[in-house]
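First chain written, first letter: the chains are A, B and C, and each begins at residue 1.
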Amino acid sequence: MHHDYLDRYANQDSPVHDLDARAKVVAVLLYTVVLVSVPKYQLAPLAPFAVLPLAMLVVGRIPLNFVLKRVLIVSPFVVCLAAFNPIWDAQLRPFAGTWVRGGWLVAASVLIKFTLGMGALIALTSTTRFSDLLAGLQRLGVPRVLVMQLGFLYRYLFVLIDQAMRMRRARDARLGGYASVTLRLRAVGGIVGVLLLRTLEQAERIHQAMQARGYDGTVRTLRRGCFGWGEVLFLLAVGVYVTAARLSVLVTS
Amino acid sequence: MCESAIQIESLSYRYPDGTSALRGVDLRAEPGAKVGLVGPNGAGKSTLLLCLDGFLAARGRASVSGLSVSKANVKAIRSHVGLVFQNPDDQLFMPRLFDDVAFGPINQQLDPTQVRQRVAEALTDVGLTGMDDRAPHHLSMGQKRNAAIATVLAMKPDLLLLDEPSANLDPRSRRHLIELLAGMSITMLIASHDLDMIVQLCDRVALLDAGRIVADGATADILSDASLMDRHGLEVPAVLAPRA
Amino acid sequence: MLAMHMANELLTPVVAGVLALLAAGLLGVACRRTRRSLDPARVPLMGVLGAFVFAAQMINFTLPFMPGTSGHLGGGVLLAIVLGPHAGTLVMASILIVQCLIFQDGGLLALGANILNMGVVPCYVGYAVYRAVLGHRQGVGAARLYAATFAASVVGVVLGAACVPFETAAAGVITVPLRLFLLTMIGVHLLIGAVEGLITFAVVAYLYRIRPDTLRGSELLAKATRTRVGWPVVAGSLAAVAMVLGGLISHAASAYPDGLEWTYAERPADPHFQPYVEPPDESSLTARAEAFQQRAALLPDYGGDDTALKTVAGLVGTIVTLVVTYLIARLLRRKTDSDAPAPARAT
């Protein structure tokens, strides 16, 4: 079973891991909003924004090259758009004592914000067990039905991926060499079709198991998580930090 | 004075498409008894268990733990009866083991302290103490099977219905399961192909074939009857095979 | 295929917030409608179907004529055809949330936008097209079912993708001209949608044969004696897509010269506006960059006055870059394949 990559770092121990999920979610959300709100031509004020993700990642003992790899993997679309921006944002603006096309500034700004924002998101999700994250989201007001739905998705993600991989391997073993497009397409259709039918049946059985343990449609959960002084201090610190970082825009502009 | 844990009289059930699954089943089990339910595939074993837990509307009379099986009683029945399904993956549906084991007690509307206590006890009973925070997909097959049983035990049922509990278990896990079940004093109805396990756990066995109980009595008598076994698609388990 | 999830940085907090509120509202509607047609107790179980979509995306289909590349199911349209648009949207929303949180596909702030583009639009629009082509009369055969599924996929995927340029323009961070961005997104997604259509129909054909009752509109379907769709129908559908694509490209090339004037016309009131002039200093960053471009560019007139060529170059360059970045992403993903299955994408 190679499923541990998902929760690989979430089960470690660190001050960041110990923080209540709610505090981390609110902090990262606040940070992301403020980060994105930095005006697009300002690059210098972005520097202080590197502190939060770096701090969370380092204290949380998440390897930085893991983070960078993930950022790289999801970056193509943004990189592409950013790279073409300078063509159209041609107005010259001052930068570091010289004149540069505004588009280059925006491109740099977008890429820097992207990396930092992703870093913060990864810091959140790799220092929090998914079930804790869901519990935190629920206490923050996300509807219970949605939280339960996400819980099921996460729980059965690997069960179904395993099934799919097994069927894919069986297919690959049989479709060795050249097979016509039609045949390949029908194979995909058949596998996915079988997967779907099996999933629908499994969903029925799960529903039965739920009913056998008293489920009547009302989602009931135990309150979880403890929001103590550590969390309060953390949020205060983050609040002060993002405000200061954002205000630095006024200073440098 | 003790009410039968299970009392079934002339239970019949037809699938929506008309095929008969159960034809006039009679069965009784005393409190504390462990009864085996054996038979070939398609005999109706799983169907019978589902009927007893109020999932299928059957004709005839059935009562479990003194409650008559009917739509009105479904909630109460499921509080008293624990159904352990064939596939633990169907039964462990929460992202965290604690939440799975707590699911039953929470739906019984116990308060949080009681819920936590039930979870701790159930996990200890099946030998999974301290595993609350694990995600079910990180458990081995044997652990999953025990976890599934824990989810049911947490509701403190009077009666356990088990559908193929030893399926897919490696020898060691199977042995642990048998020890676990043997040590419990709850009334049990165990549907299984694993006849060796049935011999170890159950004093009584009911043989179901094509929806009818064709034999009901002491395990050793029934399971060692070679011609009876053969007629109904089964074999005498190795434990009872006559020494050559 | 390509990760077309939007990142936070393409939006501003205000625009992202508005889109998130809109998405939340529509999800609320979808949830209410789902509970009406489906036992409310079953709604959480939609999550299991979300897991199904991730798993289904692992089953790749190697594209003909393009060795080494493969496509896979996005899933939105298939979900709508099997579960209906309301439940389908709910499932897509949970998929997108998990993709954001677990695989970092798409940003936190852009979740609202992504749910709209890749959940709400493909499911509702795709379903509407599906039912429209299916018609109301009995006896629908394989060919019409194919056409309905294929059209639903292409239109759903394309319209969803078409929302991105409008959202980006409303935010104003990236200033790629709306029309060019729109044409590029539509063009690329015509291809993605076509592959989605083929794969979706392959699944629908299987269900038609084995369990037709799982498909919406099954009451109209004729008994499945043949689920083979003749080559003419398939070729016709692909040709239609190719023609639309060709039309778009030629439209972009010929109609575009006005485009650049248009972006400049937007800015006259800006007090800091300086008309584009040669940079004051030959050694400045821009001048050196321009010189490099002149030497390195395939189309040396790129920096010149020929606006028409510039826009064609822009279009071609965009497509080339998309392909290159996609290939790089694939290479990177192969390296991480040993630790994890490829992050799933809902296109």
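In this text, contacts are C-beta pairs under 8 Å (C-beta built on N, C-alpha and C of every residue); 3 or more make two chains touch, one makes a residue touch a chain.
These figures come from a predicted structure and were not determined experimentally.
Remark: the per-chain Cα centre closest to the mean position of all protein Cα atoms belongs to A.
Set against the Cα centre of chain A, the chain with the most distant centre is B.
No other pair of chains shares as many C-beta contacts as A-C. Note on chain placement: the centre of chain A and the centre of chain C lie 20 Å apart, centres being C-alpha means. Chain B and chain C have Cα centroids separated by 49 Å.
Inter-chain spacing, taken between the CA centroids of chain A and chain B, is 42 Å.
Residue numbers of chain A whose C-beta contacts span two or more other chains: 130, 151-152, 154-156, 159, 202, 206, 215-216.
The touching residues of chain A, when paired with chain C in their complex, are 2, 5-6, 28-29, 32-33, 36-37, 40, 69-74, 76-85, 87-93, 98-101, 103-104, 106, 109-110, 113-114, 117-118, 121-122, 125, 130, 133, 145-146, 148-157, 159-161, 163-165, 167-168, 171, 181, 184-186, 188-197, 199-200, 202-203, 206-207, 215-217, 219. Interface residues of chain B facing chain A in the complex, by the touch rule stated above, are 50, 53, 55, 75, 78-79, 82-83, 85, 87, 89-96, 99, 102-104, 106-109, 112, 115-116, 133, 135-138, 151-152, 155.
Interface residues of chain A facing chain B in the complex, by the touch rule stated above, are 1, 3-4, 7, 129-131, 134, 151-152, 154-156, 158-159, 202, 205-206, 208-216, 220-223. Contact residues on chain C toward chain A in their complex (touch as defined above): 2-13, 16, 31, 39-52, 54-56, 58-62, 64, 73, 82, 90, 93-95, 97-98, 100-109, 168, 173-177, 198-199, 201-207, 210-211, 214, 260, 263, 267, 270, 272-274, 276, 279-281, 284-286, 310, 314, 317-318, 321-322, 325-326, 328-329, 332-333, 336, 339-341, 343.
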